[in-house]
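Okay, so subunit A shows up in both of these, paired with subunit B first and subunit C after.
After this line comes the complex of A and B, so read on.
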């Protein structure tokens, strides 16, 4: 069983930006999943990117300069 | 076996400059797929149908971006049509006044918003004469002033198929620090444009013409170097983002895309662009094919149709759009006979481009316009030539 905290979610300001970021992760071959923003996380954008916690720094480096990047938080 | 061209069972559609028809089957299927399988509001909710709808819209954004050599799909702003897009760019760029320069070959979709802003006050508009249908870049440069904020150039005339020297005008605009807006309603999907190389800041496109999407689709593309902070939105409202704020977001494309997008239409538009990419030689192939159809028509009409009078020089017709008159006949009568007797659909009149018709000497009577699409054939043109021969003979017979 995978523990909940083995994931992080990447939040962007908009769905468009999230999808743009998803494309970048896909191109870089970084495993991820586009998911609805979990209830416990405050964000007004409906979707976010779930990544493995071990990838957090790598993902941050890749996405930090994408417009609309907000934060990476534990799931 | 297919019915022969121009029988009651098979109409001939020569009105592709208005909107292309028929659409590729893949476009129809994509609209139906959205309407039946997906149906969510793109970018508004976190549930699967909303995500799927958002992905469809994003795919359309990527397809448009790649067609114009734009790397960042956020720089595609979807609007209802080219007119909507042109209004956003023109009114957005001139929101606090300034001088604008444009050509004498414009469609009403650019000259009307410009003249309206001028009438309200604060905006001045210079129309550069375009003798024979083509503006001289040197004349265009002479019209630029220190307070010129926007240049608006019709890339290809919807009435005459004539292309303006966009590259040369763009070089001048870059040198003089003027933002260039290109009205590509007639050229998107037909004349290759690469915003990475071509000196154009803003492109307005129609989705339902050369991109073979449904009506109700169109938009703007912003070059990577264009600072969108200069362009004020035309609409304000819900974007599905920054919902904690009562102020409009300042990021692309949400800043300009208030309200639910035409997701069904954009699903079709994406399929239309993929269709273009699937054709041999893509956009360039379509351009060559349309030029060939226009040349084929012009050569035969000149030879066989009595009183055939096209105002544009044949060598300038680039986009498969030809306006012509038959001496002594009203354009609307010619179009009526073509439709009524021969099942040929075309458009007569001024084509929402009175200024271009004035430039070409066909104002106020207008002209008959044939505009070819990728599905038209030389057989259809042969049939139309025979029809025009008969119609011109009717006139001779009185």
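After this line comes the complex of A and C, so read on.
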């Protein structure tokens, strides 16, 4: 079953920082997808990482100290 | 008294996130931003949340008032939107994915691009829009040798879309001198409706 709001997006200040964070998630084997920042959030600032909502805390722990980390918000 | 969100000095997309949070508990809010990109993003947020927008430039920032809309306003806008989208079909769109034209000899690729833009600027009727992404956005920043041609096209009503992700990647957002900062949604839509 697909739950509504079953994804979160992780936002960074810049594209380069998002790419760096993606590399970390890949190395840790955390499922993720790089997507454009959703329209309703804002879309002139590029890309973000979509993760499963169940992984939110895990992802936060892994990425919170990465430079440029801003926020994890529901998709 | 409306709830105020002071988003000056905040990096994109933080102003939108803060405004979005405020809208969860308030029908109407004032958002204060200090740049054009944030203004555009807040306007887009307002649209998705069905709020009307009015803004005022003040010395300490752009004050944007978001207010709950009447149902009839929303209907009218939806109709208008439908007409606009329909009219945008069959546009002639150019896509520029790098700052030079073709691969091979780089010096040659540079002059080819200059020559190309000169020709486009003289083309009648001009295309409707140009999308620039990856290193193509470098053609829109100060120091670009085709800037004059691009500005001329823009003056004639041609839309220039610069990939915002790419400007961010190359750290060129502050140096944009033509076109407007765009995003993957807009680029996709324009490409799909192009003739």
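As a working rule, the second predicted complex is superposed on the first by the 69 of 75 C-alpha atoms of A that agree within 3 Å, B and C clash if a C-alpha of one lies under 4 Å from a C-alpha of the other, contacts with A are read in each partner's own complex, and residues count from 1 in each chain.
Definition applied: contacts are C-beta pairs under 8 Å (C-beta built on N, C-alpha and C of every residue); 3 or more make two chains touch, one makes a residue touch a chain.
Worth saying up front: this structure is predicted, and the values here are computed from it rather than measured.
With both structures placed on the common chain, the touch criterion links A:20 to subunit B but leaves subunit C unconnected. Of the two partner chains, subunit C is the only one that A:73 touches; subunit B does not reach it.
In the superposition on chain A, contact of A:64 is made with neither subunit B nor subunit C.
By the touch criterion defined above, A:11 lies against subunit C but remains apart from subunit B after alignment on the C-alpha atoms of chain A. Using the contact criterion defined above for the overlaid structures, shared-chain residue A:36 touches subunit B and also reaches subunit C. Contacts of subunit A with subunit B, set against its contacts with subunit C after fitting on chain A, overlap at residues 13-16, 36-37, 44-47.
Subunit A contributes residues 13-17, 19-20, 23, 34-37, 44-47, 67-68 to its touches with subunit B in the complex. Within the complex formed with subunit A, the subunit C residues making contact are 11-17, 20, 37, 40-41, 44-45, 48-49, 164-165, 168-169, 181-186. Interface of subunit A with subunit C (complex): residues 11, 13-16, 36-37, 39-47, 70-71, 73. Residue ranges of subunit B in contact with subunit A, taken from their complex: 42-47, 50-51, 54-55, 58, 61-62, 72-74, 239-244, 249, 251-254.
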